[in-house]
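Across the two complexes that follow, chain A remains constant while its partner is chain B and subsequently chain C.
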Partner chain A sequence: MKMSRRILFNVIAWGLVLAVAFPLFWMIVTSLKPGFELFRRPPTMLPETVTFEHYWRLLSETPFLLYFRNSVILASATTVVVVGIGTLGAYSLVRFRYRGRESLAFLVLFTYLLPSVVLIIPLYLFMVKLGLSNTITSLVIAYTTFALPYALWLLRSFMAGIPEDLESAALVDGASRLGAFRDVILPQLLPGIISTALFTFILAWNEYLYALVLVNSDGARPLTTGVMTMLISAFNIEWSLLMAASVMMSVPLIIVFAFLQSYLTRGFGAGAVKG
Partner chain B sequence: MTDVILDQVEKRFGSFTAVHCLDLHIKSGEFVALLGPSGCGKTTTLRMLAGLEFPTSGDIRIGERTVNDVPPGKRDIAMVFQSYALYPHMTVEQNIAYPLKKRGVPLAERGAMVSKVAELLQLDELKDRKPKQLSGGQQQRVALGRALVRDPKVFLLDEPLSNLDAKLRAYMRAELIELHARLGRTMVYVTHDQLEAMTMADRIAIMNEGRLQQLGTPDEVYNCPANRFVAGFIGQPSMNIADGTLDETARFRAGSFEIGLDPERFDTRPGPVALGLRPEAISIGAGPIAARVRVVEPTGHENIIILETDGLGALTARTAVQVRPTVGETVQCGIDADALHLFDGADGRRRNRDDSMVTQTPVGERAKVKESQ
Partner chain C sequence: MATADLSPLERKYARLGIVLIGPTVLVFCAVIVYPLISAIYLSLFSIYTPTLEGEWVGLSNYAELLAKGEFWSSLWTNIIWTVGTLTLQILFGVGMALILHQNMIFRSLARSLILFPYFVSTVVAVLVWRWLFNDLYGILNHFVMWTGASDMPVDWLGSMPNALLSVILVGAWKYFPFVVIATLARLQTIPDSLYEAAKIDGAGPIARFFDVTLPQLRDVLVVIIMLRAIWDFKEFDLIYLLTGGGPVTSTQTIPLLVYKEAFALNQMGMASAYAVVMMALMLVFMILYIRRTQENEL
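Coming up: the complex of A and B.
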């Protein structure tokens, strides 16, 4: 009885893993197959001949590297801005006493509940007014508006877990307020900062809708929309190139994940339990 | 000279007053304990001395200097927190060296200073550990080390021993007394444990609900409690206090119990009063009071006996081990008339006339003067 339940559990778990992993596997395989093997029936599970020509074409013949650069700048800048403001904001929400502190915190979360589609047009008009339309900056601002509320809440729960006495002790020991923040608060907050940074980076890296609406020149276009416009037209989809691009888009995230995975799970745990 | 002076200090949090009009003069080199029940404002007072909290009104002076606007790091104080507040990401050595680093002591000198303190507190072996890898007692010593390393003028300690087990606490108590004797520094020690206060302090400041009740030596607060609160708070088991009235002939009455009081020794104006009796002032065996024995608690070197009487209600007596009545039995007991304490029925003020040695703080009176100005 117990045995059969365990088998069933394992079958379901592996089934789920396969369901999630198969598209990834297929993406890699497709990107390595030569063009003529792509639509063969029955399809080949493993490529008969492995080729890197799609990767080469992507790098040499398309603006892929430009988009890649844009995405890196965009995601990094968003992460820095969100983590910077989020850390200071969370510090204020936890440490300083002022009227409406709690309601402010909830209001911040409330903005997160608005569907982002509703905000696109106003935000677009806003960017035009500011003269920022068609720039990476406009996307950084847009992403900040929806990454910041969540970041604030995540960091707030981390910050609340740092005893106030630690900071007081640093002050008595001769540190300035800023010094105490740097020497004592920041190191304690590091897991929170890392998981917030990861969350923000992934969000900015994968975002599509805002990028599509707010930016339409190659100079500012990130990978998501760039790859789409470049490889998908009404008449033709460049499957091999698309898959190669997808692989290269995923690589940075996979690397980052691999290194910071333990921080990330810890971070989501803290967000879930405390707060 | 590093006297620490609180001059009419008041601290409000919104509409709640945590500390009322506190006047306290701590002399240079003195060990003063702030003692009181939970929530009476001890930590708040200490944090104001440290500069972590600012008084709503009043002045704080350390040495010659008024420090109201001086940040904590510039007050030349060190503080040990109840939670120890060790920096979790630093080693023991880095923790102790942190105050030196923040004050710009050159790296070369730091090592020697840290070593000296580590040796004093027997932390040599633990220098490279993180706080998490230490026992409570070791953490406590690191916290102490971080305070000691800089040789500050004033030490502020907030219940530093409350997280330790009884044995370690007794040991650290002795260590702290010795340390104070050796350093000769002014120390302000917050505790809610009267045993700590009585055994360690030169003088004890007893607080209740944000008000100073009495400032005096351990002897004074035990033998001449300034009011009913102090009388009930100091002493283990606590003083028996019975409500009653005084008539024109200076006789105290409570139900069927009555006793004449000497107007030379007491302020015997008639009216409602309370009579206080330490457990050791009650003798069992012979005497005018009939009492039923309710509980007998032998502690080994003495017996604590709880009695039920007609006029005085429940009485706790402390007797020699040989005196051991059986529960339910009725015994006669006497009281030592020289050891009576009389308190006012209205404001609880002490009404014995032996009070030349008591430092009485007129509770709330200065506050009233201030408000009317």
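Coming up: the complex of A and C.
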């Protein structure tokens, strides 16, 4: 009796999990099917013939690799800038006392919730005025608007978790404040920095609206808007090709995800994740 | 705290603290505070996007906006979308968290699979769903006709109310994992002794859920609902990419209206006015959330 109930629970639970994951499974299956099999009715659940032709065409005949390169540069640059500035800022917010500190923390949380559409028009005008429109730099600047508050908020809670005694001990031993930061705080904070960096990278990798508005040339276009251009400009939509692009676009996320497993819960515990 | 009371060392530290926060403050002023103020300023002008030339019109953008049917219908759609998708996210998210909290085989694999929709790009999610929704070859329509629920392929995105329901459904699929993780983290901290006490009192599984689990989850659920309400309300990518606001304007929310006004109708001043009104509406939720977070920290 107890056994059969457990089996039933497992079947239902896994049924639900698989239903949620089905669109992702279908994405991979579609990307591997040859053209003629795609339009067969009823559809085949697993491809009868596995083909990598769509991946090959994606890499050789479309600007996919260019978009991919742009996305890698964009997401990495955003992560480095944001985590660098954010680590110093979080250290200051948590461990120093000065006027205006509380209101700054308030401002960080406020901007963390701010909608992008409010900032997008002034930012667009700003980039046009600076002559930066259609560059990856303009996107890095725009991405700090959501990534910096997010990273600061996460790092701030990681920083608060480091016992203050450690730093005091180093100071008593004659270390300078910055020396203590480098030798005591940074090593302790490293897991937090890694997890913040991974989350920031994902945010930047997935961003769409700023890329849509600020960049209008293939030279600087990241994957998100690039792949959508492939959908819109195609005469008839090639779903296999688009699914192959979707899979390729998710590969870095899967790699990050594998890294993230151990850091994941830490990030969520420390201050939720932006959506 | 007056600066005069501080020792020289403390004053030196305060200065160092300000130097360290300096880059953050600079970036904040340049890319957030300045654009925010100029959004409000721009909303008082009438600006033609291609030439960027404009003239002062004062508050007339706001007067026009409040008299427009399109603003009110977009606001209404925005509210339906937010309430609809948030309700599904919470119900499905808490349900899934309760399941994943139990002993099941390959639990960590199941958890990773559930998280995936949340981490893939909205672009990927939308492409996959548009393929699933495809009227001729989409697997959903095949399934619908195979079960006999309908003789005709369903037009998932091109007609109402289907389009709005589809958008709400995809939104729930994409964002419910957030609810799962946050709830799961809280579930793991509920002490077993509470359940044992309830068991001794003769409470069944359902009574235990309502008497022990739910009250324990209350605080975290309030936070999740506020955060997700803010994020769902301002959602642009998912709706824009799935339906573009269509058919006609049936799924157009305020963020889409801002984008359309600024970059399709080329009225930047008017678009800024929409954006400012939207922010004012969200401010209530934002302040509620910030208040709550600060209370928790004290």
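We adopt the following convention: the second predicted complex is superposed on the first by the 245 of 275 C-alpha atoms of A that agree within 3 Å, B and C clash if a C-alpha of one lies under 4 Å from a C-alpha of the other, contacts with A are read in each partner's own complex, and residues count from 1 in each chain.
Going forward, a residue touches a chain if its C-beta (ideal position, glycine included) is under 8 Å from a C-beta of that chain, and two chains touch if they have at least 3 such contacts.
What you see is a predicted model, and the numbers here were worked out from it, not measured in a lab.
Look at A:Q188: by the touch rule set out above, it reaches chain B but stays clear of chain C. When the shared chain is aligned, no partner comes close enough to touch A:L58: not chain B, not chain C.
Once the two structures are overlaid, the count of chain A residues touched is higher for C than for its counterpart among chain B and chain C. Once chain A of one complex is fitted onto chain A of the other, the partner contacts of A:A13 are limited to chain C, with no touch recorded for chain B.
Of the two partner chains, chain C is the only one touched by A:I202; chain B is not.
Residue contacts after overlaying the shared chain place A:L214 against neither chain B nor chain C. Using the contact criterion defined above for the overlaid structures, shared-chain residue A:L241 touches neither chain B nor chain C, since it reaches no partner.
By the document's definition of touching, of the two partners only chain C reaches A:V117; chain B does not. Of the two partner chains placed by the overlay, neither chain B nor chain C lies in contact with A:L32.
Chain A makes touch with chain C in their complex at residues 9-10, 13-14, 16-18, 20-21, 23-24, 26-27, 30, 38-39, 41-43, 85-86, 88-89, 91-93, 95-99, 101, 104, 106-107, 109-111, 113-126, 128, 141-142, 144-145, 148-149, 152, 177-178, 202, 205-206, 208-209, 213, 223-224, 227-228, 231, 239, 242-243, 245-246, 249-250, 253, 257, 261, 264-265, 268-269, 272-275. Residues 163, 165-166, 168-176, 179, 183-184, 187-188 of chain A are the ones touching chain B in the complex. Chain C meets chain A in the complex at residues 1, 3, 10, 13-14, 16-18, 20-21, 23-25, 27-28, 31-32, 34-36, 38-39, 42, 52, 96, 99-100, 102, 104-105, 110, 112-125, 127-129, 131-132, 134, 137, 139, 142, 146, 173, 175, 178, 181-182, 185, 227-228, 230-231, 233-234, 236-237, 241, 254-255, 258-259, 262-263, 268, 271-272, 275-276, 278-279, 282, 286, 289-290, 293-294. Interface residues of chain B, counted against chain A in their complex, comprise 47, 50-52, 71-74, 77-79, 81-83, 85, 87-89, 98-99, 102-103, 146.
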